[in-house]
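Step one of this worksheet: look at the structure below.
As written, the chain order gives the labels A, B, C and D, with residue 1 at the start of each chain.
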Amino acid sequence: MHMSFTVAVAGASGYAGGEALRLLLGHPDARIGALTAHGSAGSLLGEHHPHLPALADRVLQPTTAEVLAGHDVVILGLPHGASAAIAAELGDDCLVLDLGADHRLSDSGAWTAFYGGEHAGTWPYGLPELLHAGEASASAQRAALAGARRVAVPGCNVTAVTLGLQPGVAAGVIEPTDLVAVLANGYSGAGKALKPHLLAAKGLGSAQAYGVGGTHRHIPEIEQNLTVAGAASVSISFTPTLVPMSRGILATATARLAPGVDVGSVREAWETAYADEPFVHLLPAGAGGALRWPTTAATSGANTALVQVAVDERAGRVVTVTALDNLVKGTAGGALQCLNLALGLPETAGLTTTGVAP
Amino acid sequence: MHMSFTVAVAGASGYAGGEALRLLLGHPDARIGALTAHGSAGSLLGEHHPHLPALADRVLQPTTAEVLAGHDVVILGLPHGASAAIAAELGDDCLVLDLGADHRLSDSGAWTAFYGGEHAGTWPYGLPELLHAGEASASAQRAALAGARRVAVPGCNVTAVTLGLQPGVAAGVIEPTDLVAVLANGYSGAGKALKPHLLAAKGLGSAQAYGVGGTHRHIPEIEQNLTVAGAASVSISFTPTLVPMSRGILATATARLAPGVDVGSVREAWETAYADEPFVHLLPAGAGGALRWPTTAATSGANTALVQVAVDERAGRVVTVTALDNLVKGTAGGALQCLNLALGLPETAGLTTTGVAP
Amino acid sequence: MHMSFTVAVAGASGYAGGEALRLLLGHPDARIGALTAHGSAGSLLGEHHPHLPALADRVLQPTTAEVLAGHDVVILGLPHGASAAIAAELGDDCLVLDLGADHRLSDSGAWTAFYGGEHAGTWPYGLPELLHAGEASASAQRAALAGARRVAVPGCNVTAVTLGLQPGVAAGVIEPTDLVAVLANGYSGAGKALKPHLLAAKGLGSAQAYGVGGTHRHIPEIEQNLTVAGAASVSISFTPTLVPMSRGILATATARLAPGVDVGSVREAWETAYADEPFVHLLPAGAGGALRWPTTAATSGANTALVQVAVDERAGRVVTVTALDNLVKGTAGGALQCLNLALGLPETAGLTTTGVAP
Amino acid sequence: MHMSFTVAVAGASGYAGGEALRLLLGHPDARIGALTAHGSAGSLLGEHHPHLPALADRVLQPTTAEVLAGHDVVILGLPHGASAAIAAELGDDCLVLDLGADHRLSDSGAWTAFYGGEHAGTWPYGLPELLHAGEASASAQRAALAGARRVAVPGCNVTAVTLGLQPGVAAGVIEPTDLVAVLANGYSGAGKALKPHLLAAKGLGSAQAYGVGGTHRHIPEIEQNLTVAGAASVSISFTPTLVPMSRGILATATARLAPGVDVGSVREAWETAYADEPFVHLLPAGAGGALRWPTTAATSGANTALVQVAVDERAGRVVTVTALDNLVKGTAGGALQCLNLALGLPETAGLTTTGVAP
């Protein structure tokens, strides 16, 4: 007997929705059902995603609960604030994966402060590798996702920073109170909105900062994750930058060494945390060539996060560098990983660690 | 019963060899055996191809017939002139796919004129979609590849130009005597050699020509293909250019309309030729959005060639634009397609039409 | 005594207008007056062009004849069709340079066929290097521009193709009846309009065709130029492509050798035409390294066109490759060159042949 | 009377040497003399720098004191360790500007620890904007450079981080003991060496870290500068990353707010420091559009550093973002600024604040 599931994708004309479809086309058990959009309803999917010829002739339907109902799985790639109403109309027999931010935060006050409006509620958080306090490697979060009917998929920047820093937090070898993260981000992370600073003429040959100085919406989500990992309180300076690539995040995240920590034990924390993870790879110590530091190209199209960690004794800081594909491990690949866990399928079904490079 | 095959890759540290491995990792029947290199023998594959974590710890062996022997399939990603000697030592029970140029040309004189030295001989030509004179769609070339033990895989530029123009040649609607092709090429097509004009600082933000003016080695191969497609004689002006992308070819190839041809019949020739091809897609007439003209990103990582054709009545020319991934449909993907045909597997096994975009 | 002139720029928030300002800031005699815009009127120039800090605090005024009047020079960087009405209100004592297409064509029928609507009339054509029939090097066009009060600045693609091919036409060594030109274009050439295919996420890592098949508006302008250069009739297949760079055009333009032409005389035509040109450089024959073929980076920010020519005897075609910066020699630099000629200043004032590379 | 000076450039085939020549071509008083190289001696400059057509035919001479002697100014763009011997043979009547690291550090121990070998000695440090303890704006460093005969030009990364952070150090509003800097760097900063990770195929579409973890040679130079600015002791975590652009540095540098500092006084420190600087521009507070955050493109080809500063009260950190062109303000432009000061010319001679964008 072979189990298969039907899946609808809302927001199919966007980058996140398109990536979910790209991966679902390679999932052995998925049967792709309704595809919906808002402004693009009525057009062909191929007009938006010419890289998906198998679905080129599909007509986009309007995003309504009626259209989405009746599928085993619904993936929501909608603007912030739009998913709660739709999800409420989809029964509990349907697995709903929200690629947006609406249901990620457990603190309603943080939601209101960073996003505004009323909080839609909290769903199981879709980062299977999230360490819980006291864990050497992740199992509690996987347990929370097994059989879940609602999953809040994390943001791509948050995933990169969390994966970079959490082993040190969980092991108590770094201080979570003065973290600094600076990210080099590809343009697909900024979405498909038609804004002047997202034009190719502007982006090519240039690097630009945005959202500097503490108001970025990803901050409470990072704080939440590292608190789950055992931090008593978290403080992070977080700066994303746009660099001329379509995909990828290279996150440099640093923390002060905890007092009295033996430098040798730092690497051990990361090794233990990720030794058995199928999609998070700690690069070897002392390696040469392209194995030494992560590159985003190595993760392009793959569900992989590549992590490296180093101790800067002179500065008294641990420096981590994490590379991942914002649309895969950072969004749609992470969503499929959760889908597999929620449906009881092998966690790696339909996902690859092989990147498309050079 | 499930058939599987063992495969060795020579030149595994290069871009072509690495791409063959990337695709073989996704082939349901492949078991990857020996990986060999020349100057990099002794190093880890991961130092060269960090995007292939599943093979990161494999040690590269020297490229010798002894190391390569004993596999069902051997893929040769070697410099021009190096494959004949190796292949001679591999028995006829072994399928050998040559990604280099040594065995592509049937005309020894053309070999000597364009490459120098003695011609190594001619192998079945690895372009399953190659039309033979009189064919409306390709079957003769597939027949030549079924059960083959030796396959000469075409060059990436040649594949793009041939796929763009051959339907018109075979149908007699274009003249093959004054062809012009200009290509925008990604840098991986120039290989991994350390040359000043291939540095990132030089390539980023710039477009450059090279090999202009008739001496390019791909010319006799294009002429040969279009002759197979039915041209009495072929003449082509061929100019590749390097543009700032790592992968991809966008080939603009034009031909004069044959005298007296009805414009309406032009499109029909391309439609007929590619209607049933799994990997060559003619974009629809009159389409909107991203379906109108090919983009290389839509083929990234996929074995797809996207073709569009238009008639410029004012200039009296047919203009074709073909996009493909030089490392996939242009090299390693085309090789796997031939491997499948030679071994009697489904032609599409391990290959996808889904690209990684944006 | 030092002559200086005041200049107003309409459409100052666009790429063409911004580039005119960039160059005017370096012109020893220019005093920059009113800056106007349409939708952006009321905003600061710095919000649009952060690379021009000297003008960052200038407030954009609405584009009206009242605002533009009273300057010695007015540069119009407006959408097609908008300049005629404005120009009519500016007196003949004012030099008006139109960066748009409205006044380039001498054939009203061609205007209506390619642009639609009524033709606004023909102004002196702003390509000082344009060869007239019988000229070995350009002087007639310079004469037409000396003292002119109205100048129609050519399009960037047209400039590249004209400079590449005209020496052969004027010398009669190539046939003008079956020309083929394919261009690799940077994104600034597509303007600042917010369209999905111009987003960075789409453009990065990809090449795309557009406007294939004979309807491109630049075609009649090329035909006009080569007719001036002596062609009895012109026919050209013209295909621009977008590649991932912000600036630059690399134009590959080919023509059949005229019957009976001695191959040695081909190069001579180009050498003679451009020997004394300050801004058009024929690369040397038989050169090595970066002098062999043009690169767009070598022209970035400069008013230079780099041209190379080769004879492909096998194909019976002359192949030319021309690199230039679409915003400088292709638009605003060419405009300043005309401004200098019209005002009786040294032709090279405020213009450089030095590019910004790598 | 018009003063002019002769200048020789050693290492003229490299990126730094080429950029010095690019700028010298625009300096009103410079007469370019000998151009020298090591491995490329005997070749034409045009083969290396096709963007400098005015010097294309110059033959590169070997780098010896004999060739360099007799010029008013010598600019050394040599590998680390090579300039001391050459400079010793050039008399004190010659102004020598060293673009390399040999004479930047005042602490011989730091030199030996980070570079190895014996320290060549300390020259006046070529950052005119360097604040000295107690200064609200820079004058002491300018005084040190006036009339100097030897100048050690700073590194590009160091310049970016120093300009970002020094106003806060000098004003005492930030703590210099736990600094974190992460930089997005263009490839020209990595030089012209032929290394696999610098190939275009690797760099395009990817971001990569390198030199993470405290051993980077720029660290003691940053510490030295901030100590000059008044820090009792400095500690910095410094991580450069390579992103797909040829030029530019976007440096994100953060520091903890000093205890008890009024947030309003932070911005004041930066405003005061840079109010009168010709080449360092603090972006306005509360600005919109492209004026809000620095972009590297806005500084391309210009001697400008664009700085923005924000207070993240939640994290207790000041975040600064600095954009500059690594080859201009980061290397050759900074050198010309020092040259002007040393020779008593206007500091801005031959330098521009106008960038080449988009």
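As a working rule, a residue touches a chain if its C-beta (ideal position, glycine included) is under 8 Å from a C-beta of that chain, and two chains touch if they have at least 3 such contacts.
Quick caveat: nothing in here was measured; it's all calculated off a predicted structure.
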Far-end chain from chain C, centres as C-alpha averages: A
Which of A-C and C-D has more C-beta contact pairs: C-D
Intercentroid distance (Cα basis), chain D paired with chain C, Å: 35
Between chain A and chain C, centroid-to-centroid distance (C-alpha), Å: 46
Junction residues of chain B, two or more chains touched: 15, 187-188, 196, 201-202, 204-206, 244-247, 289-290, 294-295, 297-298, 300, 357-358
Pairwise touch network: line, ring, star, complete, or other: complete
Touch list for chain A against partner chain B, complex: 15, 18, 22, 25-26, 43-44, 46-54, 56, 187-188, 204-205, 246-247, 281, 287-291, 294-295, 297-302, 304, 306, 352-358
Complex contact set, residues of chain D against chain B: 15, 186-188, 190, 192, 194-196, 198-206, 244-246
Residues of chain C touching chain B in the complex: 178-180, 182, 184, 196-197, 201-202, 204-210, 212-214, 219, 235-239, 241, 243-248, 250, 252, 254, 256, 289-290, 292-298, 300, 308, 310-317, 319, 321, 323, 357-358
